[in-house]
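Both complexes below contain chain A, partnered by chain B and then by chain C.
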Partner chain A sequence: MTNEKIQNIVNGWGEGFEFSEEGSEFLNVVVPKEQLHSVCSQLRSHPDLNFDYLFCVTGMDWGEELGVIYHLESITNRHNIVVKVKTEDRENPTLDSVCDIWRTAEFHEMEIFDFFGIKFNNHPNLKRLFLTPDWDGYPLRKDYVDEANMIVK
Partner chain B sequence: MEQIVNNSFKTQEYFVNMGPQHPAAHGVLRLLLTIDGEIIKNVDPDLGYIHRSIEKMCERDSYQQVVHLTDRMDYLSSHINNEAVCLTVENALELEVSDRVKVIRTIISELTRLASHQLWWGVMGMDVGALTTYFYAFRDRELINDIFEETCGARLTMNYNIPGGLMFDIHPNFVKRTKEFIAHFKTKLPEYDRLLTGNIIFQKRTKGVGVLTKEDAISFGVSGPVARGSGFANDVRKYHPYSAYDRVDFNEALFTEGDSFARYRVRIMEMWESMSIIEQLIDNIPDGDYNTPTKAVIKLPKGEFYQRVETARGELGVYINSTGTKNPYRVKFRSPGFSNLSVLNHIAKGAKIADLVATMASFDFVIPDIDR
Partner chain C sequence: MEKKSIEMGVDKTRYLNQAEAEGFKEIVPDDFPGKVIPGGNGGNIVVTTLDNVINWGRSNSLWSLYFGTSCCAIEMMQTGAAKHDYSRFGFEVARPSARQADLIIIAGTIVNKMGPVLRRLYDQMAEPKYVIAMGACAISGGPFFYNTYSVIKGADHVIPVDVYIPGCPPRPEALLEGMIMLQQKIKTENMSNKVNPIDGFDEGEI
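Moving on to the complex of A and B:
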């Protein structure tokens, strides 16, 4: 299915979606965080879209905003979409978990919680995955400072 | 009296640490097992023993330096990891590398895959109690490492790729020695089958053990030989060809049983296919430059770039977010081992501890690839 058709279908599900294909090989869509879970479950269940393979989940710190990037593929149709979600709350960032839709998200969301401090609602086991439980701060955020272990140029 | 009998037969759940330094855990992976007798109730992986935060390090590095960090992830697929970063940078720069580079990269990628599968085969046998396989595998793997050493000076962490091509041209002996190796290994691979595949103890340990369904494989984002043992066709070389994979003819190894034995057979079949790919290319390495010079300081245009490659363990994704400077703004490595590990708890529940060892062996984990 072409990106244009995918865009038309997704646009029918709500308002506030921002589409872009500039500077990326995939169709990108920025989804308001309140609608993340409903959009994702429809991407998974819509018979023509059928995005069943979540192959990459990336935590992002855009400077002002924190967020997550989901790379999706449909195994049957071999088309892709990239879903982005952002939150401006840096003190207590919270997003909805998608691990009930794609089970692989459970691990990836744990990694993002560990490195970016984003909390995920309805996640069954959110905890530090790589770092020790008493680690201070979230290392992959841009404002993270560790004078002992980081060389800042 | 009745109370005493009941009490003495009452079972209790308890925790057992498997790893981080367990002989059957391939590296520093700690699994916290909840067990009831011999039955596993829950597997909780505790990661981070070899976490180096490669993604954070990449943010302060130039693009040439990023390449060198990647072979410390999955060290058995180091060439393929390097290639992934180079392809991402080349795509972003719209830099077309010569056919010679594409073909050489593909041949060495397949040699890397062969070496990785050989090591896995040796260790798989060892994990289920067949020590001899290890020596057979290392005898043959040594020959590939010798080719690598002659070509680029390193046996494991190769760093042969750079953005724009290769660091230097292949050694004059490369073609001859690769052909010699293929001729040698074609006589040795049937030996692997005779030694282990048909062994009744091995089959009892792996058949029907650690069964993963196709639906679960897709939902858990599993890739590589593990996914293909469950009938999930996702070979990146087939569906998103890169380098010279679009000009070779090969079959995707696919089995539908989903158990440890199916994953074993996928890798054995992949070794045959890798040899076939190398044979198709080795006599026709095109002439041309081995390197397209880039600027000393590479600046990628503003944007997001994603590249997928098939390592020996599955799909490696490289995501680079560039703001137009000489350093990446964000680099994410979607490593195959991390996603494959996420399914372990799901399929190990209800199995015995010894079955978990066989399942893990068939998953072929490389821990630095999971931890990054």
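Moving on to the complex of A and C:
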């Protein structure tokens, strides 16, 4: 299915989606965070789209906003889409978990919580994955400061 | 007499006579730590000091620990493989257990989480023990010196290092050169004046 057709289908699901293909191999869609879970479950269950494979989840700090990027592929239909979601709340950023749709998101979301401090609603086991449980702060945020270990250039 | 030797299986006398007739000379390696005096009866007398012999033995039989934490390990494997083959210099085998190893070649980045593990492995090794820091990461943190929260800026903040090999990663020839330098260092050791490298070891800042 072409990116144009995918865009038309997704656009019918709600308001406030931003699409772009600029500088990307895939179709990008920025989704309001309230609609993230419903859009993802429709991407998964829609018979023509059938995005059954979540192959990458990335945490992101754009400086002002924090967010998550989901790379999806349909194994049966051989097409891709990139879903982006942003939140401006840096104190207590919270998004909906998609691990009930794609089980693999469970560990990816743990890792993003570990490094960016983004919390995921309805996640079964949200805790530090790579860092020690008593770690202070979220080291991949742009404003992270660690005077003991970091030599800033 | 001759009949008896054949019964025993080895006829040394006959062998040596034959060898001398064919111009055979016993070869003593240049770096042999002592003087070899022919005894005249087929045997030899060696004159040397214990220090020399022990150091010679130690430096030519260094077993290294498997310790590859990143890409330098690929060069280390290559150094051990057929083309460069560090067994030629007495680094006979690599050992998976610290208790069987004489040497750690730190081949890769040491992160904060790995630091205590490296120290524990070092403490598990039997003395005398030696450390080679291979590559930029093990020397100073290398490409991860700035703006990293997770990397130790040099393995010598964790354990004392004998030889530093620069490079990112160093070529196998560089590693061999460093290993030979370590052998030269071991050959200067003195039994009556032993130094334990962990005594007075300064971890430095960070």
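Throughout what follows, the second predicted complex is superposed on the first by the 153 of 153 C-alpha atoms of A that agree within 3 Å, B and C clash if a C-alpha of one lies under 4 Å from a C-alpha of the other, contacts with A are read in each partner's own complex, and residues count from 1 in each chain.
Quick note on the criterion: contacts are C-beta pairs under 8 Å (C-beta built on N, C-alpha and C of every residue); 3 or more make two chains touch, one makes a residue touch a chain.
Predicted, not measured: the structure shown is a model, and the values here were computed from it.
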{"item": "First (chain B), second (chain C), both or neither touched by A:55", "value": "first"}
{"item": "First, second, both or neither for A:78, with chain B first and chain C second", "value": "first"}
{"item": "Touched partner set for A:148, first chain B, second chain C, both or neither", "value": "second"}
{"item": "First (chain B), second (chain C), both or neither touched by A:139", "value": "both"}
{"item": "Contacts of A:25 with chain B and chain C, given as first, second, both or neither", "value": "first"}
{"item": "Of chain C and chain B, partner touching more chain A residues", "value": "B"}
{"item": "Residues of chain A that lie at the interface with chain B and also at the interface with chain C", "value": "132, 139, 151-153"}
{"item": "Contact set on chain A toward chain C in their complex", "value": "132, 139, 144, 146, 148-153"}
{"item": "Interfacial residue positions of chain A with respect to chain B in the complex", "value": "22-26, 28, 52-56, 58-61, 69, 71, 75, 78, 102-104, 106-108, 111, 129-132, 139-140, 151-153"}
{"item": "Chain A-touching residues of chain C, taken from the complex the two chains share", "value": "112-113, 145-150, 153, 206"}
{"item": "Of all residues in chain B, those that touch chain A in their complex", "value": "47-48, 51, 53, 55-56, 60, 216, 218-223, 232-234, 239, 301-306, 308, 315, 317, 319, 321, 330, 332, 334, 338-339, 341-343, 346, 371"}
